[in-house]
Each structure stands twice: as C-alpha cells, then as structure tokens.
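Notes follow once the structure below has been shown.
Chain IDs A, B, C and D follow the sequence of writing; residue 1 opens each chain.
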C-alpha cells in the first residue's frame, strides 16, 4: 500500500484538467488495486491515487502473466509456434490463430483456399461473439449486475460446443493451420451454426433487456470513461473503444483480410466515446457478426481446405506485418524471417496492451467505481497484455 | 407497565455514564474515546427512559448515538490517527481543570445539602402514552421561539460549514 | 409461580405490557429463534431464487434441493479459522460485529406479529426501531476502522454516509405514515407499532392506499431507503465486491463474518417488518373491508393451512421426481420427511384455536416474505449505483419527495 | 534489417511459389505506382518475392529534403517501409505525423541482429486513418546507443518504448518514465536479445524475491 505513484502524469500533453482542489484538503489516499482483485480481470495491478473517492492518477503494473511468448517464438518453428498464440488472448484464441496464420502465409506468399477462408471467417466471428459475450458478462458483473454473466455464459457455451466439435478444444482451439485449416467441417457443422444463428438474436435481446434501458446501468455508464477520437488515435486505441468514439474504422473494412471483403456488414459506431457507447457498439457488433456468419454459412463453397504448404516451412528472408480486427482491437503480427525454419522475430501487437494505456486518461477525475467500469469496458485480457 | 428494579437500573446506568465519561477523557486513541462517549449517551438514554421521557430517549439514540457520533467517528478516522496518538494528550490546563472541578463539586454539595427542595416536585407522574404529544405541544407552543432560534443557529452552522468546505458554490 | 405463568394467558396484551417477565423471556426466545431460522431460510431461499433467476440450480447437494445448505454453511463458518489482522484494533474489531448483531436483533422487541404477539409494545415503538437500527452504522464504522486496511475503511465511510443519508428520507416517509395514524376522531396519533396497525384497522384502510397516491409514494420511498439502509443491491456499495472486495468486512472471517451476515439478514427482515407495519396493515388479512362476513373469515383463516399443505404437495412431487436410485435414497427420504413436516404444520393450522391465533402471524410473515423476495429480485436485476449517484438519489430525489409527501399529508389530514 | 531484405535468398526448392504481389490482405492501396515484379536482376527462379522500390509522393518529398538520409524506401509483399538514418529518424517521424497524416502509431518494436555492427533495428509501424495506408519505418542502432523518445509524437509510444527497453535494453531519451514494464524492476538482462537463452533467468532476482533456489 505504500507504493508511491510516479509524479509525472503519463500523457502530459493530452491536457488533463487538474482535479479541483478543495479548500479543506483531505489526505490523498493511495490504494493498490490488484494484482488479485475481483474486478481487474486477471492479474492487473492498478495503483490509484485518490482524493476521497476521486481518482487523481493511476499507474498500471503489469507483467504478472508474462510468459515470453515472443521469445518462445524465436525458438520454435513456424508451425510449432502456432498453438502458443492461442494462449495470449485466451478468450479469442481463434482470432489470434487467424492473425498468426495469415501473417506467416503472407511471408510464405501463399494463400488459403476459399473454403478454408470461409471456415476461418465463421469460426473467427463466432469467437468474436464469444469474446464479446464474456466481456458483457464480466463487465456487467463489475458494475454489479450479476445475472447477465450467467446468460452470456450459457450462450457462449453453444459457441464453445461448436469449437469443440470442430477441433476438439473449447478455449485454446488451435483451429487453423498455416495455409488453411487442418480439419474439414464436421457433419452437421452448418446445421449447428444455423441453429445457433437462430437462437442467439433473441438471447442478445435478452441481455439488452436487462441492461440497455436499465436506469442504473445507464447512469453508471453514461459519461464514464470518456475518450475522444483524437485521444484514441494518439494513444493507439483500437477496436470497439475507437469505434465508440465515433471513428468508423474496422480493419475488416479498411484493410480487408481473409475474405471479409465478400461480406456485407456494417461498422457500428458510437458518438460520445463513453462506456455506454462502447457497450452499445459491442452489442451491435455481436449482431453484425451474426450477419457475417449467416452470409458465410450460406455461401460457403466446396473445395480444398489446405493450400500446398511445404512440410518444412522456410519463408524467404524478409519481414511482414499483418494485422486483423480481433474482438479487442487491432491484433498485429510482425514476423521477421531469416530464411530458416524458425522465425527470427515475432512481435505481437496486442490490442489489450495498447488499449490499457488509455486507462489513465479515461479515469482521471472520475470515481473509484468508474475505474472498475472502465477496466471492464476496455475489455482487456491479461494473457494478451503480458504475453 | 410497572417499573421493575428501578433502583438497580438507576445506579447501573449512572455508573455506566460515569465510567464512560472517565473513559472518554483517559483513552489515548480518539476512536476509543468516541466509542466510550457513545456508551455514555446510550446510558443517558436509559436514564431518560427511567424519567418517563421515552421520546427524548429515542431521539437521544437516533440523533446522538446513531447520527452525530457517527460523524464524529468519521472525522476522527479521516485525521491522521497515528500522529495524534503519539502526541501528548493532556495540555497544560491544570488550573482551569481544577477550578472547574471545584466549582462543580461545590454545586453538588449545595444540591446535596439543600436536598430536593431546590426543584419543583413533579405533581404527578406524566402519562407515558402521550409523552410525545406533550413534547410536541411544548416545543411548538410554549417554547416556539427558543425552538426556532435553535434551528436558525443550526442553519447558520450548516451554511458556514458549506462555505468553509467548498471554494466555489 | 405457576399462577404467575398462567396469569398471562388470559390477558389480551403483550407480555411486556403485562409485565410478565416469564412470558417475555419465552417470547424473546421464540422471536429470536424464529428470526435465526428465518435468516437461515432466507439464506437458502436467496441462493435458490437467485440461482433460478440466473438459470442455475443453486445448492443441490446438501440435503434435498440443498435444504440443509444453510446448516452446512453455519458449520463451516463456525469451524473456520478466526483471523484477526495483526495491525487491527483488537477490541473494536471484536465488538463491531456484536454491535451490528445486537442492533438488528434488539428491534424485534417491538415488532408486532399479531395484536398480542409482540415481546412488548413501546409507546415510542417506531422511534425505538429507527433509533436502534441506526446503531448498526456504528458497527459498520468500527469494523471498517478497526481492520486497519484501506478497503474496509473506504467501505465503512461509504456505508456510514449512505446509511445516515437514507435514514433521513426514511424518517420523513415514516413520519407521514405516523401522521396518518392521528386521523381519527380524537386526533391522537401513536408511535406504537401495535397502535399503528390498529389505526389502520380502525380507519379501514392500509396506509399504502391512504390519500392515494401519497401513502403509496411514502411507501415507495421507504421501500427504496430500506434497501439502502441494509446495504443490499443495488445499494450495496459498502460491500461492493468488484470495487472494495468485501467492503467493511473484508478482514473478517469465520464466526465474526457470519455474525455480520446474520445481522444483515436480520436487519432486512426488521426493516421489512417496519414497512409491513406502517403501510401494509401489519397482521391484518387482505381485503378486511370488502370480503367480510363469517364465510370469508373462515376462508382466510384456512388459507395458511392450505398453503402449507400445498408446500407439502410440492415436496411430495419432488419426492416422486427424485431419481430412483440407491444413491438418492437418503435425499428422497429427507424430502419426504420435510413434506410430512410441512403437511403436519398445515394440519395443525386447521385446528380452530390455533388457527385463530396463528393467522395474524401468518399474514405478517407472508407480507414480510414478499419483501424478502423483492430483495432477491433486486439483487438479480440491478447493477450497482455509484456513490455520488447514490447520494444524489438520497438527497436530491427521495428527501424532497418525502418532505413534499409529508407536507401534503399534513395538509390533507387537517382539511379532511 | 536491410542487409537481408536487399538480397533475399532464393527460397528452397520444392516450395510452391504463387505469384507475388496480388490479393495480399493488408496491402496498401495508394502504392499504385509500383510495378509488380519487374526486377530485371531476378535469379533463375523467378517468383521469390523481393523488395521493390516504393515510389510515392511521400518518398519523393522525403528524399528531396533528406537526400541519402532516407536509405531505403521499398515495398515488400505489398508493404511499404522506409529505412532511415538514426539521426534524422525522429525528425521524419514528426513530419510523418504532422504533414503526412500518419496519426496512429500501431506498434513500436525492435529486432536484434547480434552479428551486425549496429545491432538493433528499431521498427515503427504507422498507420494513417486519412490515407488508409500503413507504413513501416526502420532505423538501426548500436548496442548502448539511446534514441530520442517519440512519446511526444504519439503518446501510445510510452508503453511500447518501455517494452522495447524492457526486452532489448534500448534507452529512449526524454521518455517520461522509462522503466521495465513486463519484467520486474530489479531484473537483470534483456530477454529478447539473441544472446539471452530461452530458459535463462535472473537467478539472483528469483532467489531474493521468490525465496526459491531456481526458477527452472
């Protein structure tokens, strides 16, 4: 508890208004939130400097879950490293795999066959839905609403069942391989997905019924953790947080990967950039994901699911940066090859890590309870922050 | 309801009041002092009950024990206790203290020697059931002016506190 | 001695008023025992109901449908290690849960479960209840301070600010109900709990519907404030687990922690009892004016028995639906036994003398149970307020409305 | 790492060689000036992707201003990158943000080449919302050399620079709070350097702080 917060405000030129000083100055309180705290979504430690309940500054201490993923990559072959990426953002493992596989494919200059791309899109979007559902449940729980957690976990279960049927794993799926997909869809895959598409929209309505117009929910989230579009860009914040601030930017549209350019979907955006808008953006994103999945299931072509990939992958010397729109923002892989079987360097650009940096800007001058709401709304996964 | 063991309760509550009073001024930790004070206030509430003044007793508990003392504790907790604990608690006011004690003692002796004749004897034990009503009638009838003055004083105090605590209003 | 004991039985008053110490002690044991059992039942009910709100099953293992879960919990809590932090103020740490417990149990002295079913009837009954229940703030503050830790301290500061703020709105709402008691020919109101219910009986209306919607608004304010008073969702900031881990009782464990819980649930039942007494006619049965006559009296007096029989029936349906496997034999037998007990209670409630004396208690408990269910419902539905919003609701919304209702009630009371 | 990218080794035989430069997701739209794979000096096996010069008004402007300070401006697999002299890099980064609308610093990282004289590649990945264009900026640093911090240009560089410092030991001048971010403060060694073994750990730190003999 005795830790001193660093004096320097982190982002000094973002013009943070000095919090009002009261005439009768109370003692400033330094509180250590985490690393084991029910609302920090893992092992995040936030040191809060408080004036009463008002936050004067924060400092994040991270790294408790650091496993040296990037170092591991340098000592594994391209194929062997593939399962490791699932362990970063473990609630959206499929997205991680997609990003890595596409980055290496680009380095190898090969392309996955169309059917594989469709399978990838379906699974990735399902995973986005699952990730958002998990976010919604935990975020609502942080703000004090218990019930949505159970509703979202019930429906997330259906997605995980599809994953399990497809590749045998529920969480760390390792669903994709470099060059395509390892597994052909199982019998009844389309039926399962279609069934899921039919029953989930009413369930999303159900979540919204509990929260969207709930007075307390609106009061707890409106004008909380506001961040402007300019600040978002300056801080490199991406994903739903950026979109909630009004920037219509989604890598799926801006720099399409896989075969997202073939699908018709919209980018939901917010106006105020507050927690409520981020909530609404993610809720709409869930619906858009369903839309993409429906199109993909209907249009999925027959054909091979694996491109011709050499047994021993030796990408030519070179480097490539490839990023995808993960549920949490821009997930990028910067892969450097020295021509050997092992990547010379794999740099992961983790959305959670970069987004977490905005926490300080978002909570200054707000109350302790808002810190919880903002940590929730940033949708961080500490496995990805710390890697 | 017939009174039960009146003498016992009187001495018990009086002793409790005295004991808590002593604790209030001897404890080094201000929180302990405040807690002792609460005990004293509760004991006083009991004494009021014995005087057939249940309304005053109830108000004593609600306002003093439940409200004001909590605010006391609030303030005590916010100041730095470690520091005030180490400081010398008793300041150099022995003379004033002794004078006050002598004066109070003289008063007690006077009351004791003059006996109950000093106070008007209650004509009858007031009916317990409409005690509240009587207090209300007195407050808003006979003592209206004093009552309003008191509330005005409190209002001034509230405004003063707000002005002091807040730079901008 | 025996004469002393039996002399009360003929009296039509509470043992406290009769000055009968023996029966007062008996009543105290019965009421406190009953409350403790009710707290356990509430514990089970909360877990089950919350689970069903959240599409879970809740406790199922200990006893049939988890019926023995509260007992298992109690045993667990009693046998857990009792940790006192090194830096804690030991005496205050030790006494804080006791204060909360005492404060929430003492109020039961004046709760009228029936015209004669109260330990005693004070002529400042409602004032006494408010005063004593406000003492539980002290326990919270002391617990938070004595733990010598930041989260409990913040939790206790929040808690005391919250409880004091809402007490004011609550008090105003209560006063408007008390004003209504004086609307009789002699113009004398009462603060006595029994007197308040009797006033409703005389005026032939629950105060909930008096001067509609004034009574209803006052009741709504009280219903909101009482949730805040007891630190329950959506006003559970002092123990907001996601912000302050567990608030003021973060550092408590085992027995002491269970005392906090006991105190909290007892306080919930107590404030619900106040609401029932003030606005919902206390022990009076529903529709005493419209559905009058001997037939309806009989129907309503038989209702408790039938409800218990229905509960027994539900238990027996559960027995039938139990899997027919040796593994479940004990559970099935337990559930059947439970059903038999319920059925027996139902049958006993049909005996005319019992029926007449018990039905008041039944209606009172039934009304309180509605509030208990509401507590669970709130918890399942609402997110948590933020502290400043909580204060805003208390001071800027509830208090002005409560004062307005009070003034209007006074005016109407004078005019009408 | 221009040394490597300049002369890509031909890929091993048996590797499929789909035509390069087409349908690569994430490729940059505004590089229409590029001519796909027309390098005359192609080796016998023609299809290996190779960096090709990147021609765009941006490069022209920069080259006009800084001349040979812009050491390379190439496109590899449809991705543009600049290799700059360390001395002018910070200046150019500022220009890229202010004048060329690269307002989003996607990532900042480093690559370690222990055999080179200047051991480190410092890599910025930039993105422009207005141009919908991604750009990599690279510069080379020797061990122990520090580099001006770009926190003033993109606040997001704060943690990214801390991570580079944590993992590679590259110091950034003018960083508001340069300290380790993922590893504990007292840790010795920079794990992502190539000379740091994969199971190597700071035994001393582990013994002191965790109270165990070894972290293995």
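Here is the rule we go by: a residue touches a chain if its C-beta (ideal position, glycine included) is under 8 Å from a C-beta of that chain, and two chains touch if they have at least 3 such contacts.
Given the structure is predicted, the values throughout are model-derived calculations rather than measurements.
In contact with chain C and with chain D at once: which chains are those? Just list them.
Both chain C and chain D are touched by A, going by the contact rule given at the top.
Which chain has its Cα centroid closest to the overall Cα centroid?
If we average C-alpha coordinates per chain, A lands closest to the whole-structure average.
Based on CA centres, what chain would you say lies at the far end from chain B?
If we average the C-alpha coordinates per chain, D ends up farthest from chain B.
Given the two chain pairs B-C and A-D, which is bridged by the higher number of C-beta pairs in contact?
Ranking B-C and A-D by C-beta contacts puts A-D first.
If you average the Cα atoms of chain B and of chain C to get two centres, how far apart are those centres in Å?
Result: the chain centres lie 32 Å from each other.
Suppose each chain is reduced to the average of its Cα coordinates; what separation in Å results between chain B and chain D?
75
Rounded to a whole Å, what is the gap between the Cα centroids of chain A and chain D?
24
Just the number, please: Cα centre separation of chain A and chain B in whole Å.
Computed from C-alpha means, the inter-chain centre distance equals 60 Å.
With touch defined as at the start, can you tell me which chain B residues reach chain C in the complex?
Chain B residues touching chain C: 1-2, 4, 29, 31-32, 35, 38, 54-55, 57-59, 61-62, 65-67, 69-71, 73-74, 77, 128-133.
Considering the complex alone, what residue numbers of chain C touch chain B?
Going through chain C, the ones touching chain B are 16-17, 19, 21, 89, 91-92, 120, 122-124, 127-128, 130-132, 134-135, 137-138, 141-142, 145, 153, 157, 160-161, 164, 167, 188-189, 191.
Within their complex, state which residues of chain A touch chain C.
1, 29, 31-32, 37-39, 53, 140-147, 149-151, 154, 210-211, 214, 216-217, 219-220, 367-370, 372
For chain D, which residues are in contact with chain A within the complex?
1, 4-5, 8-12, 14-18, 20, 23-27, 48-49, 51, 76-77, 79, 103-107, 109, 111-112, 123, 125, 129, 132, 134, 136, 152, 154-156, 158-160, 163, 167, 176-177, 180-184, 191-192, 194, 196, 198
Name, in rising order, each residue of chain C that touches chain A in their complex.
By the definition above, chain C touches chain A via 50, 53-56, 150-151, 154, 233-234, 236-237, 240-243, 245, 379-389.
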